[in-house]
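Sharing a structure with you now.
Naming follows writing order (A, B, C, D, E, F, G, H, I and J), and every chain is counted from residue 1.
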Amino acid sequence: MLFYVEMKVKLPPEMDPDKAAQIKADEKAMFQKLQKEGIWRHIWRVAGQYANVSIFDVQSPQQLNDLLMQLPLFPYMTLDVRALCRHPSSIWDDDR
Amino acid sequence: MLFYVEMKVKLPPEMDPDKAAQIKADEKAMFQKLQKEGIWRHIWRVAGQYANVSIFDVQSPQQLNDLLMQLPLFPYMTLDVRALCRHPSSIWDDDR
Amino acid sequence: MLFYVEMKVKLPPEMDPDKAAQIKADEKAMFQKLQKEGIWRHIWRVAGQYANVSIFDVQSPQQLNDLLMQLPLFPYMTLDVRALCRHPSSIWDDDR
Amino acid sequence: MLFYVEMKVKLPPEMDPDKAAQIKADEKAMFQKLQKEGIWRHIWRVAGQYANVSIFDVQSPQQLNDLLMQLPLFPYMTLDVRALCRHPSSIWDDDR
Amino acid sequence: MLFYVEMKVKLPPEMDPDKAAQIKADEKAMFQKLQKEGIWRHIWRVAGQYANVSIFDVQSPQQLNDLLMQLPLFPYMTLDVRALCRHPSSIWDDDR
Amino acid sequence: MLFYVEMKVKLPPEMDPDKAAQIKADEKAMFQKLQKEGIWRHIWRVAGQYANVSIFDVQSPQQLNDLLMQLPLFPYMTLDVRALCRHPSSIWDDDR
Amino acid sequence: MLFYVEMKVKLPPEMDPDKAAQIKADEKAMFQKLQKEGIWRHIWRVAGQYANVSIFDVQSPQQLNDLLMQLPLFPYMTLDVRALCRHPSSIWDDDR
Amino acid sequence: MLFYVEMKVKLPPEMDPDKAAQIKADEKAMFQKLQKEGIWRHIWRVAGQYANVSIFDVQSPQQLNDLLMQLPLFPYMTLDVRALCRHPSSIWDDDR
Amino acid sequence: MLFYVEMKVKLPPEMDPDKAAQIKADEKAMFQKLQKEGIWRHIWRVAGQYANVSIFDVQSPQQLNDLLMQLPLFPYMTLDVRALCRHPSSIWDDDR
Amino acid sequence: MLFYVEMKVKLPPEMDPDKAAQIKADEKAMFQKLQKEGIWRHIWRVAGQYANVSIFDVQSPQQLNDLLMQLPLFPYMTLDVRALCRHPSSIWDDDR
């Protein structure tokens, strides 16, 4: 099932650069693993914001929760989560 | 280029049912035409809301504007529009 | 899977009383059917508000969406929907 | 009587991990004690948020207040509290 | 137990004056009955607003809910309801 | 004249416990002095919040201002202040 | 004593022009009477908004309330009211 | 001097089409007159919204106010107005 | 020309008292200089808030901007700025 | 294509003055380079706020994003970004 997730990231400007780089590298590795598995189905950067719009394809809200809370950037994020379903006018099934 | 558009629809409950049905049918036809052309690339219903999350693939903000303002449901919508771009961590180009 | 749904109802005060009574009766019948089926698992009135806090147990976001949008009071409601999952500290499974 | 309580937790990311673990352990112990006593009647994690939706069954607003303010995570929480009552359409008494 | 209730009233300016006068008279009668019974313990007009701040002394959230929803002005009100309890610094018991 | 004041307190969790205890003790002493003088006429704890709802009886907005800004907890408070007056439906004068 | 009052006016565009003109004329007459009496001490139009910023000099919150609620435009206004007092840095007494 | 003005327009969907067309034609004529005079210096449509971002070059806030309140669409607009000045980093004077 | 400015001040409670006293003294000196020059035409304390409502009489938005940004408390303020003009109903010119 | 960008800057008051001066100097240099290239087409200071209203002329949302995120003040900014297009009533093409 699909979930819309918007993530806004706010890293404290005074964070140690090495620590920030490590968190971002860990985040990227975890993201790319989930992207390859088809779970993090889409991600777009919101232009001009340290934020993204994502679509997750998960087995359950439980799985979504466990994934999001393990993201290295989670403690620095504000999240907006909404369950999605197929739009009745859609001619294709891809967006179910 | 891609745009995120969230559409919330509020039809007055006392609207004439025939008029409402006609507007919805016109909207659906226009949506499916744009969907087939690859312009309205994604649409999802937000579960439990008369609302959708959409991704548009257009040539310019001008084209996006002209499309949205011609939607039959436009006078009844509240829209949230954001320009998107490729996320730097993404391994694929589909979401550019 | 479980969803939290808060429903705020706003009926226009000038609505024809018979029509309002009919909508409320239809709503009640649909609610009680879903309550007996175990789908509308909990409902509480928020004290002093024409509003309720509900817990739904559904097969999918799609089912939740279809149920909510068919409620007779849906055109008069503002809804807040959130997917739930088991709390890691809980000692029982009932709230999964 | 029943109260709806939503708790959003915001632990400072730079908190000492041992201190954070101790607070969470204390919170869990207190929660499970109240859960067994039937006071903290329900708890659900909001999927993808460090937040929960809870239902308390207490003798008075005073008891609710005293319980909530003693929670180890209270200084890090934003709380939304609403008194509940029986929904007039409900066929059962469990949710009174 | 005590509840804080703030009531903001918005009567449509085009309402029939006789109907408005009747609703206000019914509201006043019901208010004064509850005031004499000690249930509507305090009421103050917020200066310059069609709004009041009230303190109710009721047996339960259920009683509060049933009283508020029967107020003749209820369909025209926006309500803010909060359970109160004794302040730990208070030297008297009147505000329990 | 009467004023409604809502005070929300936010002490930094990492504050030195002795300093916090001293501020609270000073606050309590000042509150009880004003309570005995009939100036701080009512105070209620909002159940489950580090907040209170208060009614002040003062000679002027100037006096109210000078009292509030000298409260030991003032630097940690968010205040909502509203002038009150007698409600036209009230049968008694106590709430003038 | 002084009060800051911001008034935002929203007349329905479809209002009968004669009725609108009458209300505005009544409002202007009442305003000028209060202005001459020194009660409506200041008024400024907020540039580009159907709104004003006003300073009232009244005997009590009660008087302010009674004046504001009798304004012909009151049913079409949203009001923001705040009690004022002398600023401690001010060298003059005019703004007491 | 320059002012930023954002105008959001909300025409009631049920407005008589001839009346709507007349208002829009009057608005366009007035806009183009002011554009030629250099007063309405810039206008941009916000893509996908019935809204614009404008820059006015006027002699005074008074002139701005009188212009905006005479716009045929003014009763249907929500306006956001901000005075502008030269940015200290700017290398040119055009944006003074 | 006149501007309405509301200033809300938030000094960190842990600020060094000497530094806070110095900033406030500098602010007061600058304020009184501008008050005597007729530029800071009015100032009122909002009762019970560390905030004021002020009216500035300046030559241009540029002058207003330069004055405000040089205030010693500027880094600790949240400002709300609105251009004012003469109200069409006013019988005097003082509030132009 | 054009984008409206509003930038609100919040530098921590306790920042080291040399560091703050360096960031501002870097920001100014980057701004002036983009201004000369015609990319940062307009900038205005919002009078009395540490904020600006800007118009960017870029090749794509991607370019806008990359420019904004490299601004030295980006970590201290809150940004509001909106795609613009030509207003249908405009008689000139400059604002396309």
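Just so we're on the same page, a contact is a pair of C-beta atoms (placed from the backbone, for glycine too) under 8 Å apart; a residue touches a chain by one contact, two chains touch by 3 or more.
Predicted model only: the values in this text are computed from it and were never measured.
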Labels of chains that are neighbours to chain G and to chain J: H, I
Contact-pair overlap exceeding half with A-B, pair selected from F-G, G-I or I-J: G-I
Euclidean distance of C-alpha centroids - chain D vs chain F, Å: 27
Mean-CA-position distance for chain I and chain C (Å): 50
Sequence positions of chain D contacting 2 or more other chains: 2-3, 45-48, 61-62, 64-65, 81-86
Chain E residues within the chain C interface of the complex: 3, 5, 61-62, 64-65, 68-69, 75-76, 79, 81
List of chain F residues in touch with chain D within their complex: 11, 13, 45-50
Chain I-touching residues of chain G, taken from the complex the two chains share: 2, 4, 27-28, 31-32, 35-36, 42-48, 52-53, 55, 82-92, 95
Contact footprint of chain B on chain J as seen in their complex: 1-3, 60-62, 64-65, 81-86, 96
